[in-house]
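Okay, so subunit A shows up in both of these, paired with subunit B first and subunit C after.
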Partner chain A sequence: MGKIFRYECRRLLWNKFFIGLAVVLLLYGALVLHSVTILGVSHTAPFSPWSFGDYLSRMMLLLWLGMLFFLTFYTSPQARRAAILMDATPMPPKQYALARCAAALTGGALLTLLCMVEAAVFYGRMFHWYSWGSLLLPALVTLLPALVFALGSGWLAGQIRPWLVYVWMAVPFLLAALPLPEALGLWNGSFFTAYPLTLETLDPAFTVPEVVLLPQGIALAAGIVLLTAWQNRYPAAA
Partner chain B sequence: MKTMRLFPLELRRLLQSRLTWLIMALTVLSPVLGLVLYKPATSTTMLSVYLANPAMAGGVAGAILFGLLAIFELDRARRSRVDILTDAMVSPLTTALTRLLALLTAAVLTAGLTMLVWLPISAGLIGSVFTGANYVLAYLLLMGLALPLGILAAAAAYQFTRRADLSIVLFIAFCALSLTVWADDWQLCWLNPCVWALSDDFSNFRVFRSVAWMRLTWLAALAGVWTVSYLCIRQYGKGMFGSLARSVRRIYRPAVALALLAFSGTAYAAQPFIDQSNPDLTVMSFYEIPYAEGVTFLGRSAQVFPDTAAGTVTGRASYRFQNTSGQEQSISFGINPGYAISNVQTNGADVPFTVSDYQEYNEALLEVTIPAEEEVELTMEYSGFPQESMPTMQGGKELSSEYLCLENSTLSPRVMNVMPGEAGYPAEIEITLPDSMIAIPFSSSEAEVISENADGTRTWRYEANSAGGILYAGDYICEQIEAGGMTIEFYYGRKHQAVMEEAGAVDAVKAVVDYCTEHYGTLSFGTGETLKLIQSRVAGGGYAVGGASLLDEADFTIANLGDTDKGVVPGEIFIHELVHQWWGLGNMFDTSDSTSPWSSEGLTVYTTYRIVKELYGADYAQQYYVDQWQQVVDDYYLNFYVRHPEYLEMLPEAERLNIAGGLSGVRRYNEMPLKILKAEQLVGGEEAMDQILRGLFNRELDPMYPYLTYQEFLDTCHLTEEDLNLG
Partner chain C sequence: MELKIQNVSMTYPSGKQALKGLNLDLKSPSLIGLLGPNGAGKSTLMKLLVAALLPTEGSILVDGAPLNKVEGKLKASLGYLPQDFGLFEELTVTQFLDYMAALKGVRSPQAAIRDVIRAVNLEEKARAKIRTLSGGQRQRVGIAQALLGDPPFLIFDEPTVGLDPEERIHFRNLFSRTAQDRLVLLSTHIIEDVQSVCDQIVVINHGQIRFTGTPEQLIASAAGHVGAFWEKDEKQEQGLHITARVNTSQGVRCRAVADQLPPYAQAEEPTLEDAYLYLISREAVQ
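For the complex of A and B:
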């Protein structure tokens, strides 16, 4: 199991596409940090959890895309051809799917880490600010549900039709363009710019109201359910 | 022949590669970088923002991408270790030439594709001032020609080194050199041309000529370097020098390389665009030339013939002097360094003359010795391509059938060391222009048509009284507006007609001139009866002389007229820009302290508000001006950097200046008008404030420091800075 996971990780992460994706992510991150985050959102510091959350919301577009891109490794024509051989191996399909899923999640986590490290370096270099602990909560609340849901739903989409994964990549761009209700503010980033202004205090501490937490919890749960429900199959078999 | 036979095969192979299509697709997309990230053209005209910047960004990205593709393609056989086999089949020299031609063809296809894709986008973004000629020239010169330069440079690097990694490093370093160290040297920045602005309303041939010259200079240079590298392509198992020795046996090959390099060197040295003016702008030695003893000026005339197709000027000038010294005298003239002087005669006889190599403020020194006769008539002919002084702000000497501006010694040689006679410096200027152009002397003089010529030109004549003088001419529309007790002649480019009409320009001019004349007084540079308002080609600012004032076209772009910081609707932005004739030109402000909110903008925005209040009512003005200022200022005081300036100080200079610039804009456009409004309330209302502003506008100026300061404003209001705090 561990060996397969390592192999899948290597296949996913040690190639020019991952490197290219990481480079694009870093360049886009630098652009966002230098042009938007540096100004701070809602009168807060550029290194406040609110500004950091806004940065992550903007980066989520590419992270979502990257996460689904990893899944395309399992839905490509080559992977589908190889699936026949894989099916013939004594490896339980459930474990194999789990290993692949974990590898994709690792890839997503690495990209996320890259974004966060880039922001941390930016804060250190620009403001000599190093209290990174305060940024974990917005990162968890923003990214974890979204990326787990991306993986679960992408996995499902890939099983239905391989090309659906590509269509699914457009979802965050659509969400960013739509006027979402306040409860879904974390999905288009509006929460970080609008909510602090309603708290009527300068530099408010980071809090998330229940009405916003609820959809995040649902998304996280849905992602986990989709992953576990379908892990006995893998998309390539579709 | 073999090359031509292999070329279609190589091109087909190249176009079947997915990498080629990826590079082509990225290049086609790359102009988007010019809209969001890379903006070398700093002007705010629509063509600068939506055409020059995307085209230049496309050029930079495309050249780099195609350079990398060239290295990848040239290294393909070696990377696959089949070079020994392929070299046995086809000469490596033939292969290199074929590959180069295929890459260049792919670049041409990509440039064409980019132009097709961006045509509707650019037309949509630019709006009514979009023209096909500007679009095609911009994409061909600013982007298209960059691609072959990238290919030639990268291919040469590979052919010299025969190593992909090393040639990539060399190529990237060469690109970086252009983007950094050479960025401000218009002849060396091969990747990113020095284009700071493209005009919306008038032609841009001068800028395009300059870019074309730079591109062709580099094209010849890099083609020469590529040819030398081509001679170094390894053959017969020999090293670089052994292969070179073998390749040069066919003498035409090194001859072509040398010819290309020599052509490039000549083009570099003999560029006709930029003069050699002393870069130290504190030196004004031409103004220190002593006056010729006993010589006075009686009059001058000039016949000027601009060639609007070639961008050159030919002219004849005649000067009449009275020489009472009884001796020969040396008369000094300032001439444009691009002009050649000929046929210099005094009273019909040839006289010697010299033109200095030293140049200053866009002038060279012409010295002519006049004889010891009491009345001297000096005539001369001049012709050439007018040169400019500022390589990073080219375009000022635009000369086409749409626009020209001939200033001082560019119009005709300017006398520098002769005392004025009883009548001053009387001058009679005649200029022959295409019949679509109107001649507008930048003074109170009026030009009139004296002849309509058979070749579709008209000759204009006007009289002036100065040693120099400025003449604008172009495809202008003139609106005569009676306002403020005088006639305003408002000249604007024909291409801008739709924008001006949408902005209600004529009504705005009338409203502003009426209001400001009544409330503050007449403009000092008006003659009392007439005032010319001339919209100039983008020049980086306006200026005024007696009887005429210049409006920079960049202030009247569609985008600027939609800037809600300056007003709510385009007509109000127009009012704002015109009010600058009173606060900005009529009264100047010292802007050296960038942290101070006091500038011409505060009084201009306040005056715009007052005019709008008079035109549309108090509720409208309150809602769209005062309330908006208040909201922006409230946000400003809550801004993190305003509350914690220590963090602003921590930032690197570029970021700090960017943020400080934004905050400073808020202060100048919103905080200061609010403060002036508060001052208005404290001094007793609008009428009292009008009296104060009238007094300030008409105050006696100190010629050493003619600026209106915040302290003067406060003192006149009998207020202190603290009185106007808004917190």
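For the complex of A and C:
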């Protein structure tokens, strides 16, 4: 299983598309950091969890896209044709799916890490600020549910029709353009700009109200539930 | 290893019935040729045997146990080359085989990979990326992954497609050697491949088995039904199944199979191809 995981990581991460995606991510990250984050959001410091959360929300567009890009390695017509060979082996489908899922998550985690390191370097260079621990909570709350949901829902979409994965890539762009209710504010970043203002204090401590946490919890749970469907065989085998 | 196919029928969700009440016993060691026209149900039968599909009726027994109960055991003893398959383009031949060896749980994968690469004559391409391979070389990678781990049960669906004549002969010999101590099921349209290596033949058409036996028995069944004649008039072909038509300096020489040969046809010794065509054409008439 370890070998399958390593080969899947190699397939997902050692190619020009991943390198291209990483470069685009870094360039877009630099643009956001130097044009938006540097000013701080909602009258908070550029390195406040609110400003950092806003940065991550903007980066989520590309992270979501990257996560679904990894899935195309498993759901493309070519991959489905290869799955006929894999299905005829004694490897339990659940274990095989777990190894592949772990590889896709590793890819997502690497891209996320890239974003965070870029922000950390930016904060260090611009403001000599190094208290990165305070940024962990906004990162977890913003990215983890969204990316696990992207992986689970994207997998399901790809099983139905491979091209649906590409359609699904547009979802965060659509969400960014829509006026979402406060409860879904983490999905388009509006939470980080609007909520601190309602707290009526200067540079408020980072908190997430339950009404916002609930959809995140639901998205995370839904993503995990959908991921457990990974052991389902490809319809191509039938 | 022994497989018993008992009254198996398979109807797809679309309503298409691919197999109807199939009964067949497969026992090692044997190299069984599976023949039949396109859409006859050969690939469906193979998918059932590798547990990629479940029959809608009937059962398949592997060494006396129902396939669904011993699916893992069957797959651990199986080498499968489907008719249409994909490979991981970004891996090298060796890496892909190493990946497949991990899925198959092959012990000493390096030695096993070396052996199969040699068996399929791909030593020169062992380190080449799969995306750089030709169609025939990809087919050889497919055969190599099926042979990995020396499985006692091998299923090859159209294995010689895309191979040149020299390669085809090489693989025919390889299959023959492989079948000395195991069960090999070989589905093909190339009668010559079957005639050269198979000790048993199963002919399937319209989802039903039309013949099981040795190649000699199939040939014998067409005795007296194969003839040749010089074509003088196109009407001569009516009611006959023309299997060959050669333009010569003396005219057009036709070879035909028929239930009853016309008086102008001279009886000829049937080949396996004649016998197969006779069997299929007789069914078409019926």
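Definition applied: the second predicted complex is superposed on the first by the 230 of 238 C-alpha atoms of A that agree within 3 Å, B and C clash if a C-alpha of one lies under 4 Å from a C-alpha of the other, contacts with A are read in each partner's own complex, and residues count from 1 in each chain.
We take it that a residue touches a chain if its C-beta (ideal position, glycine included) is under 8 Å from a C-beta of that chain, and two chains touch if they have at least 3 such contacts.
Treat the numbers as computed from the prediction; the structure is a model and nothing was measured.
S.K.: Overlaying the two complexes on subunit A, which is it for subunit B and subunit C: clash or fit?
M.R.: fit
S.K.: For A:11, decide between first (touching subunit B), second (touching subunit C), both and neither.
M.R.: Second partner only, subunit C.
S.K.: Which holds for A:44: it touches subunit B only (first), subunit C only (second), both, or neither?
M.R.: first
S.K.: Classify the contacts of A:87 with the two partner chains as first (subunit B alone), second (subunit C alone), both, or neither.
M.R.: After superposition on chain A, A:87 lies in contact with subunit C alone.
S.K.: May I ask you to decide whether A:182 touches subunit B, subunit C, both, or neither, giving the answer as first, second, both or neither?
M.R.: So A:182 meets neither subunit B nor subunit C here.
S.K.: Who contacts more of subunit A, subunit B or subunit C?
M.R.: For subunit A, the partner with the higher number of touched residues is C.
S.K.: Please state the minimum Cα-Cα separation between subunit B and subunit C in the superposed model, rounded to the nearest whole Å.
M.R.: When the complexes share the chain A frame, the smallest subunit B-subunit C C-alpha distance is 11 Å.
S.K.: List the residues on subunit A that touch subunit B in their complex, please.
M.R.: Going through subunit A, the ones touching subunit B are 31, 34, 38-40, 43-46, 126-128, 202.
S.K.: Write out the stretch or stretches of subunit A touching subunit C in their complex.
M.R.: Within the complex, subunit A touches subunit C at residues 1, 3-4, 7, 10-11, 14-15, 77-92, 96, 233, 237-238.
S.K.: What does subunit C use to touch subunit A in their complex?
M.R.: Per the stated touch rule, the residues are 47, 50-53, 72-73, 75-76, 78, 80, 82, 84-91, 95, 98-100, 102-105, 142, 145.
S.K.: Could you pull out which subunit B residues touch subunit A in their complex?
M.R.: Result: residues 37, 635, 638-641, 643-644, 647, 650-652, 655, 659 of subunit B touch subunit A.
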